[in-house]
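In structure tokens below, several structures.
Consider the two complexes below, in which subunit A is the common component and subunit B and subunit C are the respective partners.
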Partner chain A sequence: MTDLQIPAKPRGRWKPYAATLVIVAITAVTLSPQWGIAFGFDAISRNWQNGVGKILEMLSPDFSFFPRTVAPLLETLQMAVIATLVGSLLGLPLSMWAARPTNPNSVTRTLVRTALNIVRSVPDLLYAAVLVAMVGVGALPGILALVMFNLGTIVKLVSESIEANDTGLLEAGSAAGGTRAQINRALALPEVAPAFINQTLYVFELNVRASTVLGLVGAGGLGLLIDAVRTFYRYDQLSLIILEILILVLLLDKFSDVIRRRLV
Partner chain B sequence: MSLHNPTRNTATAAQAPQAPAPVPPAKPVPWRPLAAVLAVAVIAVASFWSVEITWSRLLGLPADIVRYLWLMFSNPNWDKLGEALAQTWRSVQMAWVGTVLGLLISFPLSFLAARGFAPAPVRGLLRMAFALIRAVPEIVIAIIILSVTGLTPLTGALALAVNSIGTLGKWGYESIEGVDPGPLEAVRAAGGSTSQVIRWGVWPSAMPEFASFWLYRFEINVRASAVLGLIGVGGVGDMLTSYTQYREWSTVGVLILVVIAVTMGIDAVSGAIRRRLTDGGKPQ
Partner chain C sequence: MAPATTAVPPAPPGTPFAIRMREVTVRYPNGVVALDRISLDIEAGEMVSVVGLSGSGKSSLIRTINALVPVTSGELEVGGHRIDGARGRELRAVRGQIGMIFQGFNLAKRTTVLNNVLVGRLSHAPWWRTMLGAYTAADRRLAFEALDRVEILPKAYQRAADLSGGQAQRVAIARALTQEPRLVLADEPVASLDPPTAHAVMGDLRRINQDLGITVLTNLHLLDLARRYGTRLIGLRAGRIVYDGDAASADDAVFEEIYGRSIGAQDVLEK
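So, the complex of A and B:
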């Protein structure tokens, strides 16, 4: 019997420290006044009363403003519904193109995936800003911006869930001599339907949130009103709008929760 | 099956002649899905019908889009590349500072919001606060904050920080509650204090998840920081709105290319790190 062998300490214990060091270094650079965003408390210490005043103003919403918010609120919902519908109907076939089991052709698959990765990397409000300049102010550029944003999200999530599904059914289809289109229509579609409905609901929630602010760049909905009250510094009216967004989003959460529970 | 269970087969075969002609049961009418489809159709038709859009504008749209894409990308104005990159760097800084501030504040709060670490009223209040923050778009938060810090990148960073607290706090307490209770009990049984329970019971198993949430939120903040520029707090969004208003499409093209390249680059790096964190390092 020799002495008890103490195992060597695991290697790589420096890694968390190195990672922390890198994070602290980047943070220091971004906070510095020369290279970064000049983080400082002087503005906060000078103007905090201003902010507190605004927040106090927001605590008493101007409810007489409510009638004027109804039409923009409806427009926001309309934009979200139309964009979700168009986006999900376009997204379903594209997700089949982007998933390996339903599209064995690697060239078209990579093509669709790359295109949608690019589409997804542009934020919705930037689409809206550019589209407003192209097609004019109103709900149309907002809907188009949301559709672009939806395509990216739906195709990514649905194609991933197609790839996670069991491929046995699809193999049976091709063994029985079905064409790709027949297999996808008869076998892949019913299998992915619950996931597809689920993601469509999720995208609808995202759309309602997003469409409340798209108007800030002129794309219709509640955002137009937010922009108007913000230029007049009417924080009491702004807080009414925020309150409406809150209620809308919370109701929507409950609604989609109920539907999801039915689906499963 | 027939090899292992012959009796069952003979039994059914014997019964078959006596049984009446099989009547296939009526197909169930899928009332619920039908009703759902009908409801969706009604809502959709109502929306299409009531929204104020001159649909005729859609006819000219494809040609318009091709024309504008040509204006943007046929001859991009590369002279502005330097400024575009500088503004993008500023947006990324906003995102970074927002993420770091958000994680510093949300990390302790997510413990207070997790079951087993704080009294129920604190937990409920914090969870409600997280839900409220998540429901307000970051651009609206920025509008409130700019009354204190003005139209500076700091406003953008603070707005992103506030919004990050909402999501990071929620993911955080969910992940703490998902930790295997065994090690926690072991530390408690050995007489560990709460901070020791957190350090030796929660942290080792929750760390990869936390780190990957932080990285993921950074990816979200990079996109959001470009958007925040639209209200004038600086960064690439600010530059994009001005050049769109001047209708200098060749510069807008450069800006869009820069946004796409930087976002995809950051997503790729952060995604690679997240995969290493959650799936472990190289196989031994």
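So, the complex of A and C:
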């Protein structure tokens, strides 16, 4: 062997080491007594008797309370359905705008991505609190808050799935003289459909759970009722509501399983 | 932009496209010069094979012709339409008449064969119809006829994912035919197919050329296929044309000239 011409080593090989270092540093800071979060397990030992009492109360749910939970339960479900529908219908085109293969224009892509990063960084409870102040107590602010949450989640995950897909087929659309919108409709859409349906079902499940919490700030659904019984220390009634949510989520899980198997 | 020195007026409807390249250079953003001042005339209705080593610029040549890769300098005309510098609606209209076939088929696997073939109507059908997926009966008829021509009509409603390699490439050919193309570009169309399937697909391309009169330009790295299915052979090396002549009379010496090395068993399909 003579004259083996080894190509120059690409730069950037130090990146994994740097990443490891940063992670270790962050962990160390988090656990350090000066800068880290302050927490201790002694709080549990101090208050455990208190906790046991509550748990015993919760073990005997007050079933006579059921009729009063029906309407809020349905409202929670309705909020989740509407928010999922609106969020996913808006999220699909936005996902395509946010992904490189379906939107090569870096200006609009960055714009959409940045906007959605901001949308996603605000917690849904904060949306709900602000919206309740703006449009008043009820299901509407809850739905709007959930739509914001859904947009953030769907666009992030679906656009990432578009970027992970093979892009050769989109090139076939360009070669045939299609516009970007035509190509996305005819070729990108069928390819992302499974990921999109999965994400939609997933946010629906999250919405059912979240809409119970949103009520705590006045944004409709079961949360309003939870807030009321909690104020009167009716842990037996609270436990009935929790039981209902549990059953609802389990049912929805089955339901989305069935849909997933049919469609994906 | 310099005034167009158009030699030929746009080809009349239905007639095949000719290609005219003058001093065309393609330099990629990373500095690689893939095509180096290429001048080339391909007549309407020709069946041309392009051969060359890996990295010689075959794909770049084909992808420059339909502007998937931009011309860095020089002039390029396809069917009398200026391609270098063409953009937007004008470019899409020309692309709509150029069918392209890829080594990796490039089908949308999760949708039906028919939907894939209808992609060939994207630049012809009204915008709203393509967005709704509501193609006219005439468009659908074109798609079915194209599928029939490559003998794969029974698969029309099957998912593209369930096709074999040979079937997938025929669907891709049908997609190109559905465009009612005046030029077909094929980039290593049989590189991932077994020998009998490779012959069947090359036979399809030849029939497109002979029966429909469409200009066909095919990249190949197998010499016997290039010789057998092309009437004209173009040899590329390092982005330059080093051979241009009759395909049938190109012997091994010609290929050794193009490749710059001796010909081995890996360069032919039939051992």
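Heads up, the rule we're going with is that the second predicted complex is superposed on the first by the 215 of 264 C-alpha atoms of A that agree within 3 Å, B and C clash if a C-alpha of one lies under 4 Å from a C-alpha of the other, contacts with A are read in each partner's own complex, and residues count from 1 in each chain.
The criterion applied here is as follows: a residue touches a chain if its C-beta (ideal position, glycine included) is under 8 Å from a C-beta of that chain, and two chains touch if they have at least 3 such contacts.
Everything numeric in this text was worked out from a predicted model, so none of it was measured.
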Query = After superposition on the shared chain, which partner residues are touched by A:Leu169: those of subunit B (first), subunit C (second), both, or neither?
reply = second
Subunit B versus subunit C as contact partner of A:Gln182, first or second or both or neither = second
Message = By the touch definition at the top of the document, which applies to A:Pro104: first (subunit B), second (subunit C), both, or neither?
response = neither
Query = Is subunit A touched at more residues by subunit B or by subunit C?
reply = B
Request  = Based on the superposed arrangement, let me know which partner A:Val130 touches: subunit B (first), subunit C (second), both, or neither?
outcome  = first
Request  = Would you pull the subunit B residues touching subunit A in the complex into a rising list?
outcome  = 32, 40, 43-44, 47-48, 50-54, 57-58, 61, 64-65, 68, 90, 93-94, 96-97, 100, 131-132, 135-137, 139-140, 143-145, 147-150, 152-154, 156-157, 223-224, 226-227, 230-231, 237, 240-241, 244-245, 247, 252, 256, 259-260, 263-264, 267, 281
Ask   = Where on subunit A does subunit B make contact in their complex?
value = 12, 23, 26-27, 30-31, 36-40, 43-44, 47-48, 50-51, 54-55, 58, 74-75, 77-79, 81-82, 85, 117-118, 121-126, 129-130, 132-136, 138-140, 143-144, 209-210, 212-213, 216-217, 226, 230, 235, 238, 242, 245-246, 249-250, 262
Ask   = Once bound in the complex, which stretches of subunit A touch subunit C?
value = 168-169, 171-179, 181-183, 185-187, 190-191, 193-194
Ask   = Which residues, counting only subunit C, touch subunit A once they are in their complex?
value = 66, 68, 91-100, 102, 104, 106-111, 115, 118-120, 122-123, 127, 130-131, 133, 172, 175-176, 179
